[in-house]
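Okay, so subunit A shows up in both of these, paired with subunit B first and subunit C after.
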Partner chain A sequence: MRRQPIGMLFSAPYAVFVAAVFAYPLGLAVWISFHEYIFTAPGVSVPRPFVGLDNYSAVLTDPAVRRSFVNIGIFLIINVPLTVALSLLLATALNSAVRGRTFFRTSFYLPYVAASVAVVGVWLFLFGSGGLVNQVLGSAAPDPSWLINENWAMPSIALFVTWKQLGFFILLYLAALQNVPKELYESAAVDGANRWRSFRAVTVPGVRPATTLVTLLAIITGANLFTEPYLLTNGGGPSGRSASPVLLMYQRGIEQGHPDVAAAIGVLLVAGVLIVAGAQQLLERRQR
Partner chain B sequence: MKPLPIALVLLLAVAGCGGGNDASNPEAATARGPISLWYSNNAQEVAWGKQVVQAWNAAHPDEVVTAQEIPAGQTSEAVISASITAGNAPCLIYNTSPAAVPNFQAQGGLVPLDDFADGASYVAARSGAAAAQYTSPDGKFYQLPWKSNPVMLFYNKKAFAKAGISTTAPPLGTYTEFLATAEKLVSGGAAKYAIFPSPSSQFFQSWFDFYPMYAAQSGGQQLVVDGKATFDSDPGRAVAGLWQQLYAKNLAGKEAYTGDAFADGTAAMASAGPWAIAAYQDKVDWGVTSVPTQSGSAEDQATFSDAKNVALYTACANRGTAWDFLKFSTSAEQDGKLLEMTGQMPLRQDLAGAYPAYFAKNPRYAVFAAKAAHVVEVPNVKGSVEVWQTFRDAWSTSVIFGKQDPATALTDAANKINDLVE
Partner chain C sequence: MRWRPVALTLGAIIFLFPFYYMVVGSLQARPDSSPAGALPRPGNLSLNNYREIDAAVNLGRSLLNSIVFTGGVVLGTLVFGVLAGYALARLRYPGRGTLFAAMLLLQVIPFQLLVIPLYVQIVRGYGLADTYLGMILPFAINSVAVFVFRQFFLQLPGELFEAARIDGAGELRVLWSVALPLVRPALLTATLLTFIGPWNEFLWPFLVTKQAGMQPLAVALANYMSTVASAATNPYGAILAGACFLAAPAVLLFIVFQRHFVSSDLGSGVKG
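Let's look at the complex of A and B:
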């Protein structure tokens, strides 16, 4: 295959964009995490000595930071499988000829495009101590209520994010379902497969690349969790049980003026996401 | 979800993109010409800002001032910090939080007003003894004390009447009275909660539950004095004990709330400053009193100032004009207009004596003017925001959610804060 210089030209703007907006800042963040660093006005000279692993040591010995990583682990364990399962099931249902298909597709997509700030209000109404969910559950409702309960705050957020993001992932699966050959379903039917068997034997393997993408995106967006604990659980409450690493990065880096510590949290988070995503890829390759 | 990590790294990326900032630029200190400023985005302050700029520009065509609202962001402080780093902060910001000043100063973003020949003397003459609370550890003024919103206790007369409590002299002076009143309000169905300050863990939320009562109970002490936390003390424990009971008895709300609990009747009381008078007009038939103390409220007891100040930023090229405009906008005439248009209290000595006609015409504001003489500011110490976050985390865990003994939590927080400000 001959190299096409014109192709380089066309891809250059995006390459420059990625280098300027992602690669350079990421590299700078790694550099900052190994130095004592504060944001200063241009021209202001302050010493920024190399401190080795001091920032990482400060971060890893901080109970609040450690707790935030545990929190995000709980979030991912609930959110990712739920997202994959529900979006695939709903996409499959919406892909079949059902009445009101367009309405349902729009309905599932609506929370995704709505601002978190707006939909958080709805969830506060639903999951508040006097909310609809508790009224339905009666004496079975948790006490304290969901969003101020140490054990339920993070699962509640995971559920909220799953619901909010579902529309986007359904769209990905709907696109992938168009590529599954109809003949495979026909031959499965000829072989006597019922709908469940056909779903497992044809649909699931047929949309595997989309599942990889959905899983990866769910992990990455989940690891970036910020708005929901900020608004839904009063800034990571109760007692830090729903604080996320990004929320702490914001507090430490932007509010408190410690970008070096925030950068260390960020680098650890990126490393964690890469490890989880790598493990997921490895698992998937083995399955193939 | 917001891509905060990306925002963070973008902030880092713009760090090298700004123009030349120099805190001690002698030419800039006397330079004159166009300047820019930011003011808060509430309607009353915008109106005041527009008229003061218009008045200045009419008289100074060669030193035109351009004004705009602070750009939207997570908080004003985050936006200002980013603009300092990027080198594009305006000359003046009329919404500088005293708690953020130490950080802005560490960033090299603020010009000490002492650089101007009449800088320190102007601040002292305008604000009197209260100005001392706004000096930085190096003894200089990096902010001009502008206006305060002395925090007092608003109560809903309709709810109080429903619960059979006096609306003219409600029993709210002592902690015992306050608790009994709170219980009566909730058990009588007058309101879902007696009081509902935001239970959020944001660093500044303690300014509206703990700090006003602590200022009153401690006789006007700041959170940190001479490098030591003061709240691990009888007054601190007393205030924490009161709030612990309010939360334990479900008299105060623990959950996030999207509306204004006092305005919509969910809570029967609220701690707020005079800004709330306009906000609650036509919504609540309210009365106001001092926050309680253990042995009873007194006329001259202290409260939290909730002040917002003006700072001059190092990105400013024409600092001579900026300083002149700052004096013009905080003159007796403009302070009077600020009072009339916003209801907020200029940090000017003998406020009631300076504007007698206004307070005679607006007696509801007069009580806040009297309180303005007894305000306590946040301590101007290194790592101020971190100090408040440490306190808030301890408060949240122990007082709001009851997961730790408040006295132990206060001791732990005090030790951490002592290390931070050391």
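Let's look at the complex of A and C:
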């Protein structure tokens, strides 16, 4: 087989980009988290002593940070199952020859392509104390209202993100549904399975790789949560009940000037994502 | 098959209503959040909210910043991403496997973990705060787009490339005159995918830009929402007007080009 060393030249810019924007900062994040680190002006060098696990113990004993990890747990428990169930349901509905397929597909991915900042504006209006949702619900509306209620703030964010991202996951499931062999549905029908049974017996196992991907991406999206608690619940309110780890990274690291503590939160967050994703994989393998 | 239309219609209402409400709310002279207010009333219509948000955040300047930021990312992705995608798909050279593995690994690293070190590097180290370069750098080449390019180049028949090479064409020429014209739909899909990233991105440009004159639309609007809005006569109206202005370009692009953003294109990423 002939070799084309010019390929190295072609991929050099991308390789440099990956090294400079991903690999190096990844290492730097871990390094910073084990040192005492303060911001300086460009070119100024200050001592940055190794402090072992000090930053980590500062993070783990900080009630606000611990709360933010609990919050993300609440978020994932609501968001991930809802995302998987609704996107598979709507993808299955879209997959048949229905009238207005293009219209439905387009309307489902509009929230995904619109800027978070823009749609947060409408949700603030809809879910505010005197907003349309509460006016329709009347006395059934929670008091205080959704986004300023300690118990509803985080679930509201989870619902918002589910709504916002669903279109993307519907597209992933639509692609996966094309790979489920039609004959399986036919033989299920011959065996007398009703629609629900053939959905359980054919569709769900048929799209399992996509479900793994959807779950993983939903977990990563949840771990990255920042814009929503920053804007929708006004900085993780009320009293930190909707704060996310990334919001705390911003507050501790950049607002208060402790990048070392923020880096430790980041490392813990990624470790958490890996553990949750790994546990989910194990669970799924056992089910098979 | 009765449940399908019901589920789809219910879904469409839930997905579309907030957008409809965004437009209606942005045109209300006085905020009206009663159920009747969901329908536009002739007596309560005005463009005043748009004037108000424009006076507060300078929409033109923010729009220009968004365009430069997004344009830089799209350009970087189209030039360097296509080159990398082509090399990964069609050329054999040392380091290809490593780069491909790194590209896949990237997809699972939460960008937010990198925010602190990138901030240290780009803002504090290189002094690129309040510059377009500082905004663009972390997004300069979209890895998902590189992946899409690779998948499309892989699908082209190998004989095509052999024939062009036997005719004495260099690799750059093969890429430009043979491969690229055949993957035009991929270019459009990848451009759309790449576009929404920086256009909608909030956290990074929010950290990099402190001067109002350098802030992209999303950042300017978010600052307005969290600080200034309470001073306006109809704060929700002004926010919704800004929201319409920010959401419209991406939404319109996707409606016009929706057939290029279908499952089969993205599916190439899933089937891998």
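Heads up, the rule we're going with is that the second predicted complex is superposed on the first by the 267 of 288 C-alpha atoms of A that agree within 3 Å, B and C clash if a C-alpha of one lies under 4 Å from a C-alpha of the other, contacts with A are read in each partner's own complex, and residues count from 1 in each chain.
Please note the rule applied: a contact is a pair of C-beta atoms (placed from the backbone, for glycine too) under 8 Å apart; a residue touches a chain by one contact, two chains touch by 3 or more.
As the structure is a prediction and not an experimental result, all values here were calculated from the model.
Engineer: Looking at the combined model built on subunit A, do subunit B and subunit C fit side by side or clash?
Structural biologist: Once both complexes are aligned on subunit A, subunit B and subunit C clash.
Engineer: Is A:Thr233 in contact with subunit B, with subunit C, with both, or with neither (first, second, both, neither)?
Structural biologist: A:Thr233 sits against subunit B, while subunit C stays out of touch.
Engineer: So, does A:Ile32 touch the first partner subunit B, the second partner subunit C, both, or neither?
Structural biologist: both
Engineer: Of the two partners subunit B and subunit C, indicate the one touching more residues belonging to subunit A.
Structural biologist: In the superposed model, C touches more residues of subunit A.
Engineer: Determine, under the contact definition given at the top, whether A:Val246 touches first (subunit B), second (subunit C), both, or neither.
Structural biologist: Both: A:Val246 reaches subunit B and subunit C.
Engineer: Under the stated touch criterion, which partner chain does A:Pro5 make contact with: subunit B (first), subunit C (second), both, or neither?
Structural biologist: In the superposed model, A:Pro5 contacts subunit C only, not subunit B.
Engineer: By the touch definition at the top of the document, which applies to A:Val161: first (subunit B), second (subunit C), both, or neither?
Structural biologist: A:Val161 contacts subunit B only, not subunit C.
Engineer: Given 117-125, 135-143, 171-179 or 261-269, which part of subunit C has C-alpha atoms clashing with subunit B after the fit on chain A?
Structural biologist: 117-125
Engineer: State which residues of subunit A lie in both footprints, the one left by subunit B and the one left by subunit C.
Structural biologist: Overlap of subunit B and subunit C footprints on subunit A: residues 21-22, 24-26, 28-29, 32, 39-42, 116, 120-121, 124, 128, 130, 224, 226-227, 231, 234-235, 246, 249-250, 253-254, 259, 262-263, 266, 269-270.
Engineer: Enumerate the contact residues on subunit A facing subunit C in the complex.
Structural biologist: 1-8, 10-11, 13-15, 17-18, 21-26, 28-29, 32, 37, 39-42, 89-90, 93-94, 96, 98-100, 102-111, 113-126, 128, 130-132, 135-136, 163, 166-167, 171-172, 174-176, 178-179, 209-210, 213, 216, 220, 223-224, 226-227, 230-231, 234-235, 246, 249-250, 253-254, 259, 262-263, 266-267, 269-270, 273, 277
Engineer: Any idea which subunit B residues touch subunit A in the complex?
Structural biologist: Against subunit A, the touching part of subunit B is residues 1-6, 8-13, 15-23, 74-75, 77-78, 81-82, 84-87, 89, 103, 106-109, 192, 198-203, 254-258, 314-315, 383, 385-386, 389, 393, 396-397, 400-401, 403.
Engineer: In the complex of these two chains, what residues of subunit C are touching subunit A?
Structural biologist: By the definition above, subunit C touches subunit A via 1, 3-5, 7-8, 11-12, 14-16, 18-19, 21-22, 25, 31, 33-35, 37-38, 80-81, 83-84, 86-88, 91-96, 99, 102-103, 106, 108-121, 124-127, 137-138, 140-141, 143, 146, 170-171, 196, 199-200, 202-203, 207, 217-219, 221-222, 225-226, 236, 239-240, 242-244, 246-247, 250-251, 253-255, 258-259, 261-264, 266-267, 270-271.
Engineer: What residues of subunit A sit close enough to touch subunit B in their complex?
Structural biologist: Going by the criterion above, the answer is residues 20-22, 24-26, 28-29, 32, 38-44, 46, 64, 116, 120-121, 124, 128-130, 144-145, 147-148, 150, 161, 221, 224-228, 231-240, 246, 249-251, 253-259, 262-263, 266, 269-270.
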